[in-house]
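First chain A sits with chain B, and in the next complex the same chain sits with chain C.
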Partner chain A sequence: MKTVFKKSVPGREGVWPEKPKSKIEDFIPADMLRESSGMPSLSELDVVRHFTKLSMKNFGVDSNFYPLGSCTMKYNPKFTEQVAALPGFARLHPVISQLKGAGRHCQGALEVVFETERMLSELCGMADFTMHPMAGAHGELTGVMLIAAYHRDKGNKKTKIICPDSAHGTNPASAAIAGYDVVSVESHDGIITPEALAEVLDDEVAAVMMTCPNTLGLFETHLPEIVKMIHEKDALLYYDGANMNAIMGKMRVGDAGFDVVHLNLHKTLATPHGGGGPGSGPVGVCEKLTPFLPISRVKKLEDGQYYLDYDAPKSIGYVAPFYGNFGVYLKAYAYMLRLGREGLTRATENAVLSANYMRKRLEDDYEIPYNRICMHEFVASAVKQAKNGVRALDVAKALLDKGHHAPTIYFPQIVKECMMFEPTETESKETLDQFLDDMIEIARLSDSDPDFIKNAPTTLSVSRLDETKAARDMVITDDIE
Partner chain B sequence: MPYVPHSPEETREMLEVIGVNSVDDLFAEIPIELRPKSFNLPKGMSEMAVLEKMEKIAARNTTNLTSFLGAGFYDHFIPTAVDALISRSEFYTAYTPYQPEASQGTLQAIFEYQTAMARLLDLPYANASVYDGGTALYEATLMAVRKTKRRKIIVSEALNPIYRVMLDSYTTNLNLELITVPHNHGRTNIKSLTAIIDKDTAAVIVQNPNFFGSVNDFTDLFTTVHEHKAIAIMSTYPVLQSVLKTPGQMGADIAVAEGQSIGQPLSFGGPYLGVMTCSKALVRQMPGRMAGRTEDGEGKTGYVLTLQAREQHIRRQKATSNICSNQALCALRTLIHLCLLGEEGMRRTAGLSIERAHYAADRLTSIDGVELFTKGPFGNEFAVTLPVNAFEVIDKLTERGIIPGFPLGRYYEGLENGLLIACTEKTTEEQIGIFAEILRGTL
Partner chain C sequence: MIPQELLYAKSHEWLKVEGENGTIGITHFAQEQLGDLTFIELPSVGDVLEAGDEFGSIESVKAASEVYMPVACEVTEVNESLEDAPEKANDDPYGEGWLIKVKITGPTDDLLDAAAYQAVTEEDAH
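Let's turn to the complex of A and B:
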């Protein structure tokens, strides 16, 4: 399909405003202006049809089962979109809150920030939350900056952050970008052991970043001992909350001893992922870290009025221009109100139930490296199929032909031919069964007709794409030859 | 329970397959001492009840005043078709396009967005977006530090102060030297900026139009930057970039923008998007996703995420950035908005916004004691000095239904009487007239 720029017909009228009365040259000297900016000229229908056609080349949760591990692709209820679009929210200018006494013009918005922070604090057992971080990785960076501020304030000289070898790539990247050296700790039988941690845990460690359940979907059963070891070194324990869908109502990270946590609302709390974002990655902290939270903070007066507090001398400052992705966490807030305590617990229970059901039904046909009770996701491996030359990538592509999105593949990197499945709680048993039957058929075909699998997909708008060519040519705009 | 489909019967069948007796058994590995000490969230509510509650909360925000607020965030008209198209669930319920064959819609759209941004800012390479204009500037700064292996960053004080405070926070632990060069009565002080560039300078950061609305040509400044092998970073306002001399023409190495003004509702501060573009020499330092064009086995054109060797999922702590999720759907809104307005529609939008701002400047400065603070050419935003404290004036006018602008004193000491005023194509001459009359009556 031609790009939208190639469809441009000079002179065709789009959604134009009226013509200005004067020329721009009347206000700004001509040598400070440009000629054309190269935007296309199209009718509204041209644009509508182009993007509608493009959308039809996509899988999404509404049309396809999407068991992409670590991404919690649950169904996103429609009413939350309507909430975010309410004019009282969508039309609110963010700097209105910075004018004198103007808190009175955004009491509703401040209430949303305040109440969402309260609910997340209760959900996680943390002392407080900030809504400012705009995605999971941004939450990690904010969390690591909080950790650095805490140690600086105490006069601690700490230079390292420990991440397990199964950690998501953003963990070590966030630690490094905030100025820390990253040390890896190896997992044993899928989890971190006190012995392995002891080998790398010294006085220079500022924090340990953990994911629990970890990216293999396994609960870190040594957690109580690990927490103690870390706190004895005056290091802090960070919780990557991408996997929060596994533990809502079953464990609260604050009660368990974690000091900092980020959540991915675009996973656990059902805000749609938008083909890559926007997300929302709020960060929760224990009591001793609250003085360092980013400014501004929303506070509540005794009379029920909300206001913005900028007076936080120990704060790490601003990580976002205003209050984070307000329009995103608004949806998460509405979702939490809808589900409540019981609904959130049920979501977790069913996510875990479905994951274990899938794991069990695949165990005869695929290698399951850690075949024990898992949490909301599990990893399988295509090593058996690889003997016939069928790799995890091939299984993934064959699934696309069956109308399912693929699992996450080749992550975590510590499992060969890794495939990570996360069904979520919103998928019905029929959907799971259809998917599992298709997985089993793919396993059988890998024996009988491996080339068939290796040629997938054949039913989509393109067949397998040449990624090496893309990286070599670097054609990332229409104007690069 | 809403959104959880398993019936009791199905649950039993599934537990049987798993080989456990109850759902609780699945959580047996969580040690008793780690179980929640409390879990006092409210009870769930019906969809209808949540909607009612949220409508009431929304009604406690004031959005019906005539507003001249800008400060980097502008209320432009968004064509209705933007929302209609963005509501296609194939776009908004998809994840990052990790499986390209099942994500050609998202990937081609990213490619087109990158093309649009590269053209608008007139630099050859663009990424698929970062979180916002401020994090884009911070990422641009780190690109320059990595590329030059130097640690001194020179920042114009006429750069949006909201971004300056963000840069301060992000560089706290990084052992960088941030030097702020004062503005000169609202003008970017090109002379002083030029004078302090030296062999230790990694980057010079300026904004056009600057925070006070003043339009600049940084060509000579950037020439000096390049003589010292430093990196020229320019923050821009993308709507005006459809008519203004470009970062590319001035010689910028990296140009960034807050993309909100093209297609995003104000939404109390987000979600917006950070636009990033750069020269070829810097493309491997770029953070975030990029879509590239390629072919399938039959030679059919398709798109994939490319140059991933820069990214955290491959390089971990050695990645160019930690960013993973970005603002993809916002970027798609920006692209669709640009396509609907097209070249002529964007030029008109810029033209109308500039025209209205100049009309407002004329009307307001005809009031005794109100003087234009922004000297030289300006775009759709300008500052005035009032004979009295701007915070007080804002307070009074807001009571009368008008938010007259942003108080410069919030960020600039000594400018307590300064008011920053923005217009867009939505601002009418009638509104400006009423504003001027009420202000005259107040002073």
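Let's turn to the complex of A and C:
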């Protein structure tokens, strides 16, 4: 397919409701005029066909099942888009709230920030939240900076952050970027044990970053003892909210003893996912960390007026321009209001039920390394199939032929020929059954006709891509013929 | 596929000892688990490392992994041909796919012989 620039024909243009009467030369000095904007010249029909065809090449949750473990590719209801498109929100300039005396023109938007922070604090059992971080990993970095600010303020000399091998992959990166030495702790039978933690936990540890349930979809059952051990060292406990879908309405991480938490609104609270953003990774903190939250803060006066507060001498300062991705967390706000306490709890229950249903139906045909009640996702392995030369990658490719998105493969690395499934709460039993029937058929074909699976996909517009060549001989081009 | 004359680390590196000189690479089992290698990052000549230290990283189509020193040593030579042809460590892990040559400065007592390493790979395969 040609790019929209390659399709450009000089002089061709779309439909103008009315031709502009003035010329650009009348407004812009001649020496500042560009000869070309670099924009393609196309008719309206050219543009419509181009983008419609592009969208048909896309594979998304709007068209197919997408059980990509660890990523929570659930369906986002369209009403949140309508809310975000309301002109009062969509056309509001972010600087309005900072102009002297102009706060009364954006009370609704400030209320959304304030109320979203209150709702997330309630959902997570935290003292306060900041909506500023622009994505999950940005939230992690902000969280670790808050931890550093807390220790600095107390005069603590802490240099290390512990990340379990079952934690989310970005955790060690965030800790390292914030200047900490990263120490790994091994999981045993899929979870962290107090004994393993004790081996690495010393006075220099600033924090432990946990994902619970972890990337194996398993709940950390030793949590109470682990929390106690960490707090005894004046270290803080960080909760990576990547798997919040498994505990929403069931457990509040603040009540469990976590000191800092970030949420991925695009996973849990129905904001757009993927494509590099715009995301939203709000961070919640316990009481003793609230003085360090980024500025500005939205506060409420006794008369009900909202205003931006910059009076926070211990704040870590700005982490984002303005107030984070407002248009994104506005959708989360609408979603939480619509579902309410009961709805959010039911979302979690359905996510966990779907994952366990899938796990049970696959257990005869695939190895399930931690075959016990899981949370919202689980890990299976293609080791049985690998005996016939069919690996996790081949199973994933065969699923594409069947019209499903592949699961996450080869992560977490602690499981061989790993395939990680997360069905989410938004899929019907019919969709799950179709997927499971196809998985089981692939397992049987792996025995009877392994070459067929190894050559998948055969029904898509391209056959098996050479991923090794793509990684070894990278050619970057805008030519996507 | 496990050469008898080499020593092995549980983390799947091999060491060939020739007097005080050594050659280090990853095992056939390791390259098979990693899949097609796409990038290998190695230390610099002159680096002094302890046993167990991370000395480089290996990326495959599946994942990025670290490699660990089987023995305390000083790096004397690195296999620069791997920069353009990381697949050598797939195709010939005990030969042309060697990673580094070193001057051995520490004991090798904790390393495994071929039979003991065979047992490790059998354990790991489950």
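Everything that follows uses one rule, which is that the second predicted complex is superposed on the first by the 440 of 481 C-alpha atoms of A that agree within 3 Å, B and C clash if a C-alpha of one lies under 4 Å from a C-alpha of the other, contacts with A are read in each partner's own complex, and residues count from 1 in each chain.
Basically, a contact is a pair of C-beta atoms (placed from the backbone, for glycine too) under 8 Å apart; a residue touches a chain by one contact, two chains touch by 3 or more.
Nothing here was measured: the structure is a model prediction, and the numbers come from that model.
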Open item on the list: On the A-aligned overlay, A:205 touches which partner chain: chain B = first, chain C = second, or both, or neither?
Closed with: neither
- [ ] Would you check which partner chain A:416 touches, where first means chain B only, second means chain C only, and both and neither mean what they say?
- [x] second
Open item on the list: Per the contact definition in the header, classify A:286: touching chain B only (first), chain C only (second), both, or neither.
Closed with: neither
- [ ] Figure out whether A:244 sits in contact with chain B (first) or chain C (second), or with both, or with neither.
- [x] neither
Open item on the list: On the A-aligned overlay, A:467 touches which partner chain: chain B = first, chain C = second, or both, or neither?
Closed with: both
Open item on the list: Per the contact definition in the header, classify A:147: touching chain B only (first), chain C only (second), both, or neither.
Closed with: neither
Task: Residues of chain A touched, compared between chain B and chain C (which is higher) - done: B
Open item on the list: Output check: A:1 vs chain B and chain C. Expected answer is one of first, second, both, neither. What do you get?
Closed with: first
TODO: Starting from the residues of chain A touching chain B, keep only those that also touch chain C in the other complex, and list them.
DONE: 411, 467, 471
Task: Residue ranges of chain A touching chain C (in the complex, touch as defined) - done: 383, 393, 409-411, 413, 416, 467-468, 471-472
Open item on the list: For the complex, give me every residue of chain C touching chain A.
Closed with: 33, 36, 38-39, 59, 61-63, 65, 86-87, 125-126
